[in-house]
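Got some structures for you, see below.
Each of the next two complexes has chain A plus one other chain: chain B in the first, chain C in the second.
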Partner chain A sequence: MVNENDKTKDAEKLLQSLHEFRDEVVAKYPKKVGRKRAKSIVVSDDENPPVIQANVRTIPGIITQRGCTYAGCKGVVLGPTRDIVNIVHGPIGCSFYAWLTRRNQTRPETELEENFIPYAFSTDMQDKNIVFGGEEKLSQAIREAYELFHPKAIAVFSTCPVGLIGDDVHRVSRHMKEEIGNGINIFGFSCEGYRGVSQSAGHHIANNGLFKHLIGRDDEIRGSAKYRVNLLGEYNIGGDAFELERIFDKCGIHLIATFSGNTTVNQFENAHTADLNMVMCHRSINYVAEMMETAFGIPWIKVQPIGANSTAKMLRKIAKYFGEQELIDKVEAVIAEEMAEVEAVREKIYPKTKGKLSMLFVGGSRAHHYQDLFEELGMTTIAAGYEFGHRDDYEGRSVIPTIQIDADSRSIEELTVTADPTRYNPRKTEEELAELSKDMEFTEYKGIMNQMEKGALVIDDMSHYEMDKLIEKFRPDVFCAGIKEKFCVQKMGVPLKQLHNYDVGGPYAGFKGAINFYKDIEQMVGASVWKELKAPWESEAYIEAEFAC
Partner chain B sequence: MLLRHTTAKEIERKALTINPAKTCQPVGAMYAALGLHGCLPHSHGSQGCCSYHRSALTRHFKEPVMASTSSFSEGSSVFGGSSNLVSAIDTIFSVYNPDVVAVHTTCLSETIGDDMTQIISKANEEGKIPEGKRVIYCNTPSYVGTHVTGYANQVTSFVKSFSTATPKKKNVVNLVAGWMEPSDMREIKRIASVMEARTIMFPDMTGVFDAPLTGTFKMYPDGGTTIPDMIATGDSKFTIGLGPYCTEDACVKLENKCKVKFEVLEIPIGLKATDRYITALSRHANLPVPDALTEERGKLIDLIADNSKYFWGKRVALFGDPDTLIPLTEFLLTLDMKPVYIVTGTPGKHFDEAMKDLLKDKVPEAKFKSGECADTFQLHQWIKQEGVDMLIGNTYGKYIARDEDIPFIRLGFPVVDRAGNNFFPTTGYVGATNLAIKILTAILDHIDRTCPEEKVEFQM
Partner chain C sequence: MSLVESTKNKDLPSGESFSSSCNACKQCMPLGACVAFKGIEGVLPMLHGSQGCATYIRRYLISHFREPMDIASSNFSEETTIFGGNKNFNEGIDNIIQQYHPAVIAIASTCLSETIGEDVQRLINEYKSIHAGDPHVPEMIFASTPSYQATHYEGFHQAVHATVKALARADGPVGKHINLFSNFISPEDIRHLKEIMADFGTEATIFPDYSDTLDGTSWETYQRISQGGTTLDAIRRSGSAAVSIEFGYILNRGKNGKSRDNNQFQSAGEYLEQAFDVTNRKLSLPMGINESDKFFELLSIISGNPVPEKYEKQRGRLVDLYIDGHKYVSGKRAVVYGEEDLVVGLAAFLSEIGIKPVLCATGGESGKLRETLESVLGDLYDDTMLVGQGMSFDRIEEQMKDLNVDLLVGNSKGYYLARKFDIPIVRVGFPVHDRIGAQHAKTLGYEGATVLFEQIVNTILEDRQRKSPVGYKYM
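After this line comes the complex of A and B, so read on.
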């Protein structure tokens, strides 16, 4: 939380008045709708987080930030991997909209290495395929993709009509894998847009697919690196993964796989040889972390390398986990060196940003992580929430056993995972884990409310109407959301920072990322244009001066 | 290389589209619906459709794009989306209070077979539609046609739902606007006002997708065709459709419904298409063409004449929507450039015939393709086989342009990496001048950047 001395009085006052917001806003909805929305709007209490309704259906007609299951599966989790040909089975739009729109950067190691990120592949289903079935067209599309590109892996993504007409993408994938041979890996995802209630269902489906079709296919341990880790839930938006790779490299920490920014198929296949899993975006990837722990004995910890202090914290956790003095010293040296640079920039910017107010409504972890960066700038987050988070992302994983499984969640496959008969290898003994647990928590995420100011507002799946009212009433200095909200908010004279695509900025992760973010927020809150919204002749002083006499 | 897997070697593709030159119907319906004042587009399907379409339009226009969704769940996909839509209508009018809700369908609701007429009348019977408010719809299954078709279907639904004939025709010409930028529409209306013609444009994105920043967010911006104007289109004495793919259906519907005769023209991009627009408007509004417009034309001719040696014989590849590509190809020919490769994902005979007509004498070697598998991968393969001097298309073209080091003009939808399309028109003589200058600048910049040092010219 922000240093008490740097908070403005505004913040205190606002925190006291925020709780009235819910009653005011829900009154506008039809009664039933209002009752439902009321459960998703709570006042935060870091010590005793209230129950929030999350991961439930959006009410039809509500203008929501949310997208669909396909977007979560193809767009978020599988999209960033450069050497898979991702064929979208459906009408043209779904493939088109996920084509280069998520800014997951990638850096092939050679001029010849495969990179399909700038390509969009679609079966472009026509009405005859809807009537007579699209499996034949899908098979043919896979043949053509192979003939043109000879990729090592092809993934097939189902869109809404595919599920309805009964095309079996899994069967087609299996058949085509046999037909083509040559060691190609072909697999499908039942990620039709109508499944689940948001992108979140798609993350889960993607996680299952990664585990079933990719993880564990390559046991070879390459190189002699000692500290072998995976970074889960980092998608290399704006180069975040590049910055984290740089830091790990500098510390001598060997990254086996990132799920899935700047990554290749082989990294997934080899990921089970790592000794520690670090979960960044808990929402989108915790399933893989859990399954890998059960199957291969790799413990996982939650990390938050957004914000310079949080990045340092992550590095110290890793060093502690491996427990070797050489690494502990190296990490401290890197932190000292990097922080000096970070602090030099931060000190200059801090006076311009301290005391300002932010609101964050985005994603399934970003609304949490970015609060660290705002804190480093002395800014208070007075309202936040997720687009597609679950209760555990708000209240912490301890509430998982109490979450009611509804019909929408039940339809998402839960893989039954058991210890791998030959490869299960607990990386730490029970005793070692217990000892380490004094300094770090395993298999734990405490959620967004644990970090937020007491009295701050937390809203799940915020509607456009609620956003409109929030800004009108509380006028934050920066509002963080996505592209759909960007220009609505800015029309109101409040700058909006996009935390999906960073407004073509970034990286924001790690140390250099923190510096970039400080500078971008300095620019945003300091931009002269926001003071020029009214023409001189629109001010009362002008009117009086001109027309009074 | 960005598109490192694209080679000159073609295979016969029947099923796989790679890097499409089209997208799906609903986004077009959403765009068109926002050209009606006070209208909230509503996407009847999964919420991802609405989210993707709003994002796509927002990235292009950098303006708010408001639309709601039926947020289908797995249950609605099995039992139908009727209750979703009825409750959506209730919520929309309570919270967002539009004058009109323009529902468009999606591949999901179309595959299920939701009957829009029946659902909307159910909402009406249940009292969910307040007095004086309207819920209209169009069918936009994503597996038929493209975004262009969706635009056309939405515009036709405006006619179906609003245009009304009273016994008295008025001396007004309807201008049905095809898919273009608000700046293009503004220019077309300006030409009409210079002629002092009375017109009603629909849809009309001016004041919607180029709204000022004032400190106040307007859910329903000041622009857009008003409902009374839309109703009055039935009393106009003539209709000019601009862009056959986007407007012909609406023109036919308006004639059948209200006996308003029509003529469909290409969008006035370039010299000749603008000549035809002005001639048609002059004839049907029964007004002379004022000297001011003739002077604008003369200035365009002057610019072309001054620089014609730079245009001559330059090979151009272009992709986008047929309503843009046809007049654009014609204009490139006016400039004595050679449009050699032309691709649109939107199917239709008119494109093929128009291209054949335009190109057969001047560029007999030209290749053009429309519909399934007519994509930018194909276009790029052609470029690999024999190079071009210029590429014109939406932002996706920049990946080809960079790999091949070709001057690139951004035109079409979406353009998400450069500002200005909603400011500077490409229609009318003024727009043609803008376009010619853009082309010229790109060619000259390329020469300046790539020619040997001793060949760098001070004056060009």
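After this line comes the complex of A and C, so read on.
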């Protein structure tokens, strides 16, 4: 939380008045809808987080920020991998709209190495495929993709009509895998848009697929590095993964696989040889972390390398986990060196940003992580929420046993995972874990409300209407969301930072990322363009002067 | 047989002959429908289907127009797909009315609702009969737009047709006003057309008019429904107009212009002609001098007024500019891609300034692109040009290898090809999301040709300067 001295009186006053917002907004809805929305708008209390309604279906006719299951599976989790040919089975739109829109980056090691990220493959289903079935077309598309690219792996993603007409993408994938042979890996995802309540369902389906079809296929230990880790839930938007790779490299920490920014099939296959899993985006990838712990004995911790201090915290956790002085010293040296540069920039910017207010409505983690960066700038987050978070992302994982499983969640496969008979190898003994738990928490995420100011608003699946009211009433200095919200917010004179794909910016992760973010926010809150919103003849002083004479 | 003869009238194989598409040159039908719907005053568009469709389409349109774009959804769940969308539809409409108070709710279907066979018109009728007499119930318009049927371009025209069909009346005598169905053009071009109409003293209903709704000013207070759009009254009166002018010959002719039940698609102008005897005059998009001349001549005849001096001067300056710049562009070879009628308009314009469109490519599959090019380009038509329908960028790339191309003209999606071949690109059409100002793109009339010509010449000069080892300051 922000240093008490830097909070403006406005912030204090606002925090006291935010709770009135819910009643006002809810009253505008039809009664039944109002009752439902009221449960998704709560006032934060870091000590006793209130129960929030989350991961329930969006009400029809309310304009939501949420996307679909396909978007979560193909767009978010599998999209950033460079050497899988991702074929979208369906009509053209779905594939087109997920074509590089998230600004995922990747960096093949040589020019000859494959990179399929710039391509959008689709079976481009036509009328007759809907009537007579599209499996043959899909098989042929897989053949064509193989002949053209000879990829290591091909993934098939189902869109809405596929499920309805009964095309079995799994069967087709199996058949084609046999037909093509040559060690190719082909697998399908039943990620039709109507499944689940948001893209979150797609993450889960993608996680299951990663675990079933990729993780654990290659046991070879490569390289001599001692400290072997995976970073889960980092998608290399705007080059975030590059910055984190730089930092790990500098510290001598060996990153086996990132799920899934700047990553390859082989890194997924080899991921189970790491000794620690770090979960960045809890919402989209915690399933993989859980399954890998059960099957292979790899413990996981939550990290949030967004913000310079938070990045340092992550590095210290890793050093502590491996417990070797050599690493601890190295990490401290790197932090000292990097922070000097960060602090030099931050000190210059801080006076211009401190005391300002932010709101964040984005993702299933980002609305939380970026609060760290705003804190480093002395800015208070007075309202935040996720598009597709679950209760545990708000209130912490301790509430998981109390979350009701509804029909929407039940329709997503839960894999039954057991310890691998030969490869299960607990990386730490119970005693070691207990000892380490004094300094870090394993298998734990405390949620967004644990960090927020008492009195701040937390809204799940904020509707367009609620957003407009928030801005009208509280006018934050920066609003963080996505491009769908951007122009609405900016028309009302409030700058919006896109946190899905960073506008044209980034990286924002790690140390250099923090510097980029400070500069971008400084520029946004200080931009002179906002002063031009009103023409001189529209000001009251002008009107009075004109009509007085 | 000489090489030239062998490539005469060469049409590339249609998209149908491929099993997959790599880097498509088209989007889905409901996207186009949403753009057209935004041209109705007081509208809130709704997609009947999964919420992802509304979200993706909003996301995509916003990146082009850089304006708020509210599209509601009936948010289908797994249960809805099994039991039908009736409940979600009604709930969605209720919520939209309560929150937004729209004058019109314009509904487009999606793959999902079409595949399960939803009869949206019946849902509308039922809703209306349940709420008969309720003054809050707005107009409701429905366009059938399953993505697997055609492209966003047909979706646009299906929505234009559906709106006119739902609203047009022929009460009273034939008026002096005219209809202008202006096609999928930029907000700036719509404004320019309005100016031209006013200068001719012609009362014209331009539809769809999203010149304000998708290119608005900053707001004093929040606007739930953006201001502007063709008024409902004006659309209603389209049935009693003196004449309709329709830009584009291909319009919703995708897949030979037939729906799944083999009904011939009609354009809005054709519908009005058939239903209300409103003469429909078709023109190509007025891009370049030749096509603009046809448009201004027609306006002069319809209005009974001579072409205003303002436009004579614009035309004169444009000819002067062509002369100044022709040596920079003459003989250049361009690839043109995008929606079918846009490709025709651009090819006509490029041919007239001396650039050879060596490949005209589109994602659409009307089967009419070559014949339309031939008839619109007239003397300028060159039968060695390649024409590709159902094209993807991957297949455009394949063709470009042998074509010795100097320039790409089309939307942002072709940028990667420009980069690969190290040639310049002039961004026209939809989507343009790697430059700002797509909403202000001026392409129509003499003024539009002026802007576009300068843009093309300067892009070529910029490229020459960049690649020249000399660093010439005079070009």
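Keep in mind that, in the parts below, the second predicted complex is superposed on the first by the 549 of 549 C-alpha atoms of A that agree within 3 Å, B and C clash if a C-alpha of one lies under 4 Å from a C-alpha of the other, contacts with A are read in each partner's own complex, and residues count from 1 in each chain.
Just so it is clear, a contact is a pair of C-beta atoms (placed from the backbone, for glycine too) under 8 Å apart; a residue touches a chain by one contact, two chains touch by 3 or more.
Please read these numbers as outputs of a predicted model, since none were measured by experiment.
Student: Mind working out whether A:G216 is in touch with chain B, chain C, both or neither, as first, second, both or neither?
Tutor: Once the two structures are laid over each other on A, A:G216 reaches no partner at all.
Student: Contacts for A:P476 in the overlay, against chain B (first) and chain C (second): which applies, first, second, both or neither?
Tutor: Neither partner.
Student: After superposition on the shared chain, which partner residues are touched by A:D468: those of chain B (first), chain C (second), both, or neither?
Tutor: both
Student: Considering only the touch criterion stated at the top, classify A:G239 as touching first (chain B), second (chain C), both, or neither.
Tutor: Neither: A:G239 stays clear of chain B and chain C.
Student: Please work out whether A:G193 is in contact with chain B alone, chain C alone, both, or neither, and reply first, second, both or neither.
Tutor: A:G193: touches chain B and chain C.
Student: So in the superposed three-chain picture, is A:E114 touching just chain B, just chain C, both, or none of them (first/second/both/neither)?
Tutor: Only chain B is touched by A:E114; chain C is not.
Student: Pick out the shared contact residues on chain A: the ones touching chain B in one complex and chain C in the other.
Tutor: Touching chain B and chain C on chain A: residues 28-30, 33, 57-71, 87, 90-99, 101, 118-127, 129-130, 137, 140-141, 143-145, 159-161, 163-165, 193-195, 197-198, 407-408, 411, 464-465, 468, 482-484, 486-488, 490-493, 533.
Student: Mind pulling up the chain A residues that touch chain B in the complex?
Tutor: Residue positions touching the partner: 28-30, 33, 57-71, 87, 90-101, 111-112, 114-116, 118-127, 129-130, 137-138, 140-141, 143-145, 147-149, 159-161, 163-165, 192-198, 407-408, 411, 463-465, 468, 482-484, 486-493, 533-534.
Student: Hey, which residues of chain C end up touching chain A in the complex?
Tutor: It comes out as residues 15-16, 18-24, 26-31, 46, 49-60, 62-63, 66-81, 88-89, 91-96, 98-99, 110-112, 115-116, 146-149, 151, 216, 218-219, 221-222, 224, 255, 260, 363, 394, 416.
Student: Name, in rising order, each residue of chain A that touches chain C in their complex.
Tutor: Per the touch definition, chain A meets chain C at residues 28-30, 33, 57-71, 87, 90-99, 101, 118-127, 129-130, 137, 140-141, 143-145, 159-161, 163-165, 193-195, 197-198, 407-408, 411, 464-465, 468, 471-472, 482-484, 486-488, 490-493, 533.
Student: Provide the residue numbers of chain B that touch chain A in the complex, in ascending order.
Tutor: 1-5, 11, 13-20, 22-27, 42, 45-49, 51-56, 58-59, 62-77, 84-85, 87-92, 94-96, 106-108, 111-112, 141-144, 146-147, 211, 213-219, 345, 372-373, 377, 396, 399
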